[in-house]
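Here the chain labels run A, B, C, D and E in written order, and each chain numbers its own residues starting at 1.
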Amino acid sequence: MVTYIIRRLIWAVVMLSIVSIITFAIFFLVPRLAGATSESLAARYVGRTASAEQVKVAAEKLGFNDPLIVQYGRFAKGIVAGADYDYGPGVEHCPAPCFGYSFLTRLPVWPDLLDRLPVTMSLAFGAAVIWMIAGVATGVLSALRRGSLFDRAAMGVALAGVSLPIFFTGIVSLVVFSYGHPFRITAPGGSFTPIEENPAMWAYNLILPWITLAFLYAAGYARLTRAGMLETMNEDYIRTARAKGLNERVVVVKHGLRGALTPILTIFGLDLGLLLGGAVLTESTYSLPGMGKYAIDAITNQDLPKVMGVTLVAAFFVVFANLIVDLLYAVVDPRVRLG
Amino acid sequence: MAQRDQAEPGGFVNEEPLLSVQGLEKHFPVTKGLLQRQVGAVRAVDGISFDVRKGETLGLVGESGCGKTTTGRLITRLIEPSAGKIVYAGQDITHMSQGRLRPLRRDVQMIFQDPYSSLNPRHTVGAIVGAPFRIQGIKTGQGTKKAVQEILELVGLNPEHYNRYPHEFSGGQRQRIGIARTLALKPKLIIADEPVSALDVSIQAQVVNLLEDLQGELDLTYVVIAHDLSVVRHISDRVAVMYLGKIVEIADRKGLYESPMHPYTNALLSAVPIPDPKRRKERERIRLQGDVPSPLNPPPACRFHTRCWKAQEICTQVEPPLETLAPGHQVACHFPENAPGLAGGLAGGVSGGAASTGAVPAGTDPA
Amino acid sequence: MSFLELKDLRIHFPTDDGLVKSVDGLSFTLERGKTLGIVGESGSGKSVTSLGILGLHKGGRARISGEIWLDGEELVGASQEHVRTLRGKKMAMIFQDPLSAMHPFYTVGDQIIEAYRIHNDVSKKVARKHAIDMLGRVGIPQPARRVDSYPHEFSGGMRQRAMIAMALSCDPELLIADEPTTALDVTVQAQILDLMRDLQRDFDAALIVITHDLGVVAELSDDILVMYGGKCVEYGTSDDIFERPEHPYTWGLLGSMPRLDREPTERLMPIKGSPPSLINVPSGCAFHPRCAFEERTAGLAKAEVPELRETEGGHLVRCHLPAERRRAIWRNEIKPNLEAS
Amino acid sequence: MRAEPEAVAIAGGAPIQGRSLGQIAWMRLKRDKVALAGGLLVVFLILVAVFAPLIVGAFGQDPMQFNSDLIDSSTMAPKTGTGIGAQHLFGIEPVNGRDIFSRIVYGARISLLIAFLATLLSVIIGTLLGVTAGYFGGLVDSIISKTMDVFLAFPILVFAIALAGIVPDSAFGLTGDTLRVSLLVFIIGFFNWPYIGRIIRGQTLSLREREFVDAARSLGARGPYIIFRELLPNLVAPVLVYSTLLIPTNVLFEAALSFLGVGVRPPTPTWGGMLSDAVRFYTIPHFMFFPGMAIFITVLAFNLFGDGLRDALDPKAR
Amino acid sequence: ACGGGSGSSTPSSSGGAAAGGSDSKSEFNAAMTGVVNPSDKKGGILKFANGGDWDSLDPGDTYYGYSWNFIRLYGRSLLMFKSAVGKEGNQLAPDLAEDLGKPSDDAKTWTYKIKKGVKFEDGTPVTAKDVKYAVERSFDKEVFPDGYTYFNDFLAWPKDYKGAYKSKDVNTDSAIETPDDYTIVFHLKQPLSNFDYFAQLPATIPVPKDKDTGAKYKEHIIATGPYKFEKNEIGKGFTLVRNDQWDPATDPNRKALPDGYEVSTNVNADDIDNRIIAGDLDIDVAGIGVQSAALGRVLSDPAMKANADNPTSTRLWYTSINGNVPPFDNIDCRKAVQYAVDKVALQTAWGGEFSGGQIATSMLPPAIPGHEDFNLYPPGADNKGDINKAKEALTACGQPNGFETNISYRAERPKEKAAAEALQQSLGRVGIKLTLKPFPQADYFALYAGKPGYAKDNKIGLAMNGWQSDWPDGFGFLQQITDSRVIRETGGSSNISVRDPEVDKLVDKAMLETDTDARNAIWTQIDKKVMEDAFVLPNVWTKTLLVRSKNATNIFVNEAYGMYDYLGMGVK
């Protein structure tokens, strides 16, 4: 078990390194293929008003003329060991993990990311709670009443749910429930109140994004749960449970759902991991200052250090979620042996 | 049938065996991680030797997981042996390349256990039975279709079903299709891996009969793998009993069933339920305890010692070699029963064994 | 009245392809302490019957008619809730594949405890003790330790033992074992058969053993019921069935089996064809397309469904051939072949 | 001696009918009204996309044509009375007064084209690598599987946006819509293959254990023969089903990229692009409604059809 | 909303709202000419929101007009624009300085006396050295990339000077002298008659050297104005509270009515509009006016419209016609574009009459001295272009059937996109086929439209562009976009099309001309010359529709910024 975790951790690190190399290569190579030179990249650092000579000096200083591998090495070293940064009056140490400094704001990326994290986390976890409850409950009921009116209605809604683009539902929800309404359900975007500051405001600001996001996922999970339940309810062990004389509720919940929940948990973990890296569309629709919005803004401004940082953090969450899911799997399903 | 008589003790002395297996081993590595590091091995087949003579049927029995299928797959070179030697018709095919093996594959064919998974559900019967021609690049006189239909008829199927899909056939019919496929290339040796165990009793008999008929007609040599001792007894001339990757006893049919020497064979035989209510009270039973140990960690020396009621110190330390104790009868046991000189039939052997060793009485059930 | 009595039980499933008549007019009786063996080919309706007795088809698509009397109570018409309270306590079942029949996520102990506590108002601790006892009784070594194992940590034989322990935990009066040993190796099968025999003696339950292996029924049963195409074709004591079988299908079964206790015959005597579809059951006697003696009924077999008739002393046979002819055929044509050489 | 023809045509009752698996699936699909409706809708949408010029021509509106005279130049909104009507079925866009209906119709082209091609790309890569990994196992499998893991760890959307954003306007010898479409197809298709790859790998792993593969090998068949003749025909069903279900995902993906402004360049109409334009004019509901609905209906249609197809091809239901 | 009060409000005299002025009139454009809701009430919090992110709060590094408007709340530069209605807001007033600058006779040396008693928020007195340091640090464009380079370019810096950080011990007296703590003297390389405009730049807001953290200074700025930072979360927002070290006695320009300000950034722009209309929010700090969605609402509801203003700013949206890209090397082809364009469609694309702007016929916006109304390319009676003239021009150019070229715009800007599409449409009428080329905003000038080599190679004949004057004068407006010498091969330049040596000469002449009127006349001449060359297709002079806050007092438009003046505002 311990060796398994260690091995998985090593693999996670390897995977993140690969992701970072690819990301780095793409973001530092493709612009060059597109015609950017180290000068034009540096120009982004020193602004439009700088003289050509200043640009040259900056390019040299930022190491844009070094081979890619050297640049990557520097970047990686920054993450592991931190980096030194000349902020003008002096040199400052940017402690590990140092994801470099934004082209635009000149501020280290890492604290920025830490700053955005609570927003995305609030969004993701809040929505997750809603969708798990709503999705799984609907799925179970649908499966038990297979073919009933409820089942068909629920599955119809669920199918519609997974077919609606979230940026569409998002805007519509904003128009209907928020923009210029006397009784707006939520402050549409831009506003995030940390939960420790004011839980009521926190929820108020997030309720609409939660519901929109949760609707999409709940729809998917309802379908998943239903399929899973239909399958487990056909398992032999359900027949055994009934043969023991258990009542139907226990059979469904303790035996059926327990069996169906494992794959759902897996997917849940991965979905959550993916979301924690930034709910790009939701956040940009609702202007929530989370990781996803950060990513979009960074991309819009071609702020490469930010893009790198946010990509890596997002990848980290996916990898981490994978790891947790695998470990959890062993807890949930005793048949899984880790070793 | 003619050949069967020859297989009785005393027959065949000089003829070279069609297939000879010597010290064959297959250890499946248990690997881990990206680099496929080996952390252990399943010793599925662990040094077995036997010969198969032309025209005879060799039965291979044993409990689940003892390596029967692996043996069959080794002989047909579907998997690569870890050690040992396979000689077919005088040719060493142990490590022969797949390319050089191709022509030989016409001679050695395999019948599979599961009539549902052994036929590709996306191919028609014609395509399935015709596949050997296509794969081996054989042109037949009147075209493949004709040839296939002839074979279908041979195994008792309607040739008009050429264009049907496997799912339209019953289990027994599917098994016939599988047999038809193996016959397409006019093989000499057929390895049948549990050819009937997935079938209902009534169908089982049809297939058994078919196999026997074909053997007579086409001059085939069989290695029949099965766990059902009755079926094996019915079709085999000689029988090998396997336990955890080893052959513990090999003898002609009569010798094995009437005077088994290995305790395991004895136990197996006595465990078979007899469809005769009167006999159930008369029989002496040997009840083995527990299950077969894992081939990942087989017990040392004699692999059977953990379940054997006759086991003694030596059994845990020295591996008994497979020795010929009677003509055509080889056993790997330190304390064989029914060996020449030791009197008594099956029942006597058992009680005698228990009494004489006095070991592990838990292993027997006097009831 | 008998302890268990089935009267004209029919269990049909409407499906896309048509109505599946899995059980079609099955009647038999069984007394406490007795063992009934049900044999038949795959798909003959054995499992459907057993599940039907436990009321496990209810709430599904099955159409059930007829009567099932258990200890004076009628079950087909009884409420689902009532039947549920009987399950486990009054009647219990052992399934064929113990690995899939046990929940993979709960320990063996938990599953036995659960079964015990539904019907007995006891604390978890007491139930656990009981579970350990039961595991010990079915011959699991170190039951106090193994009670916390998961099913997958057991070997096949142990699993089946645990399954039996679970079924017996509430001391049921009727125990149905559906192919209890089919998934097991011979040596383990022998252990389980012994165990079941011992347990039945101790518990004095009525036992129904379902199998397609004639050897197994011969080992266990007092009476044997041969099923074909959802119907009983022959019923009698073990002796009747093995010594004086009267139905051609039973003969076929006997003739198909290679047997260790007899000399190996040259050829087996299989039944031709394959089992009938339960949607389009052959007209008349369902067995007639496969029956070697069909011509001897003068077309009757094709036209009419034969009645299940008593020949002598509780021996029932469903065949158009007159009893005398059947006995003659057995004596002269079948039996000698079986014992040939 | 000939074997007794025991098994021939004595199954009792009516002989089993000769139906191929495809026929069975089709029969089941025919009974599934909802799936059929989805299928018809899919066909309809494809026809719309293919015959967009004809359809638009029939209504006499050019998707690029400005109708400034219908726009109130102070609010940029369509003048009152120039909304939905016979002239402009779905009304006109604010600012420039382009006909929404014809833009929706043309939008179907881009949407479906990209979704189909991207799906095709994913399916080809995914199937080939999935089969390879599943069939060969061992190190090959390890490498391919881990590659899939790495791919799945990428925040795809972020990546796609970034990539689509930095690729210049003419590259790889392509320009304009051709470049954008190819680029989007590449990005979407390339990042999606592991999903299908995993499924195919899993299916191959289980197929490989089936004895018919051994049977072919024991006849001397080589790797390619087994992959292409034995395995692939059995993978057609899952590939078909997952492609059908991947298409709507890709429609959404393309719409999201266009919505975020990194899709096909304007003024080529795309649904996502129209929707993103509409956000500024949310007070003009129809502007948002039609592209939103177009995406929704398309995705729904493919999902309905895909679900039905999956049920129809499900071997378990057989 | 109020009933229709009549009579226009009287322009208030100066220094923000006249106390106790008559009842404000809630009518359209009332705040353009008068103070709406005048009041002297202190207290309350004003809530601002920004649809985007602030470029920087650092006085040495900010280049947005709204930021300069806002920065006056926490920073005091040498001079400032008066917090006053309309044209008066264009006037400079001393802030940190005691008076406007004293030029030497040759206008190459400018001297300012600094007020005594001005303190930083920590109580340290502000001296001339702090101002000097602030200007020196702003020199470093590596640390402050967003800022302007006026001081870099015009002061007589020592050779190879690299700014306060990299040239720490270099004596910079050649550029800036501080003879005593309260005198600062700027030495210029060339005469500059309007250096006072430089002196109002935020770069002259003093920065204490020992508190300067370079790139990170924006996280904690040491205030000199009436407010200081309480909390500052870059990218999300910040709050300002009263600075108790601010002495009103030193500051006649600021009333400092509210107790503080709450500013959130990166807020959804539509939401900002709705919240302002609903009264939840006071100001869209960027001053860009309402979004399209709210525009319709405001204009169609008389009550709402009465609560709105429609100022023009000194911004011109235009399309550069790149003479380097054939066939635009031929002036007639450029003229064809001028004639063919549908200016109404263009105006609509930019947002219409109210939120887009006034149709521009030349470069200099009306608010800038030197502006003259003229139209060299009359677009037909309905303003939709003169197709015949355009065709004639095409024929003259040798392309009677039109030609193909590309038009670039910033991908993130929907209005630029719409304008490009409108051009595509209207030019299409005479056979000029445009292909749209969106580029990322961040690299638009540096890599694409502003990079002459790229533009030429990729046939970017037309490029969407915009320019706003840094202050209301011809130099601030025209120099950067008409002088061909600012065109650089790399780095990106604002002028990307005007290449006329004559224009360059005129620019030089204007810079040397110390007489204001004569100077303005030269700028007019430049404007005309560029239009004759047809290197620039003016689109619109920006107008924005601003909605007044329901809670704020003293609302008026300051013409220098083209938006509400943030200094005088109070809370009801």
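By our rule, contacts are C-beta pairs under 8 Å (C-beta built on N, C-alpha and C of every residue); 3 or more make two chains touch, one makes a residue touch a chain.
If you want to know which protein each chain is, UniProt gives these names: A, D = ABC transporter permease; B = Dipeptide ABC transporter ATP-binding protein; C = ABC transporter ATP-binding protein.
Fair warning: this is a prediction, and the values are worked out from it, not measured in the lab.
Contacts with chain A and chain B are shared by C, D.
Farthest chain from chain C (centres taken as the mean of C-alpha atoms): E.
Taking each chain's centre as the average of its CA atoms, chain B and chain E sit 92 Å apart. Measuring from the averaged C-alpha position of chain C to that of chain D gives a distance of 51 Å. A straight line joining the Cα centres of chain D and chain E is 48 Å long. Each of residues 33-34, 170, 172-173, 206, 209 in chain B touches at least two other chains. Residues of chain A found to touch two or more other chains are 34-35, 179, 300, 302. In chain D, the positions touching at least two other chains are 4, 6-7, 11, 146, 165-166, 279, 282.
Put simply, chain C touches chain A in their complex at residues 51, 54, 56, 81, 84-89, 92-93, 95, 97, 100-105, 114-115, 118-119, 150, 152, 166-167.
Against chain A, the residues of chain D that register as touching in their complex are 146, 149-150, 152-155, 157-159, 161-163, 165-168, 171, 248, 252, 255-256, 259-260, 272, 275-276, 278-279, 282, 285, 288, 292, 295-296, 299-300, 303-304, 307. By the touch criterion stated above, chain D contacts chain B in their complex at residues 1-9, 11, 16-21, 138-139, 142-143, 146, 209-212, 214-222, 225, 230, 233-234, 236, 318. Against chain E, in their complex, chain D makes its touches with residues 64-66, 68, 71-77, 94-96, 165-166, 169-170, 176, 261-262, 265-267, 277, 279-284. Residues 34-37, 39-40, 43-52, 54-55, 57-58, 61, 87-90, 92, 101, 105-107, 112, 115, 178-180, 182, 187-192, 286-287, 289, 293, 297, 300-303 of chain A are the ones touching chain E in the complex.
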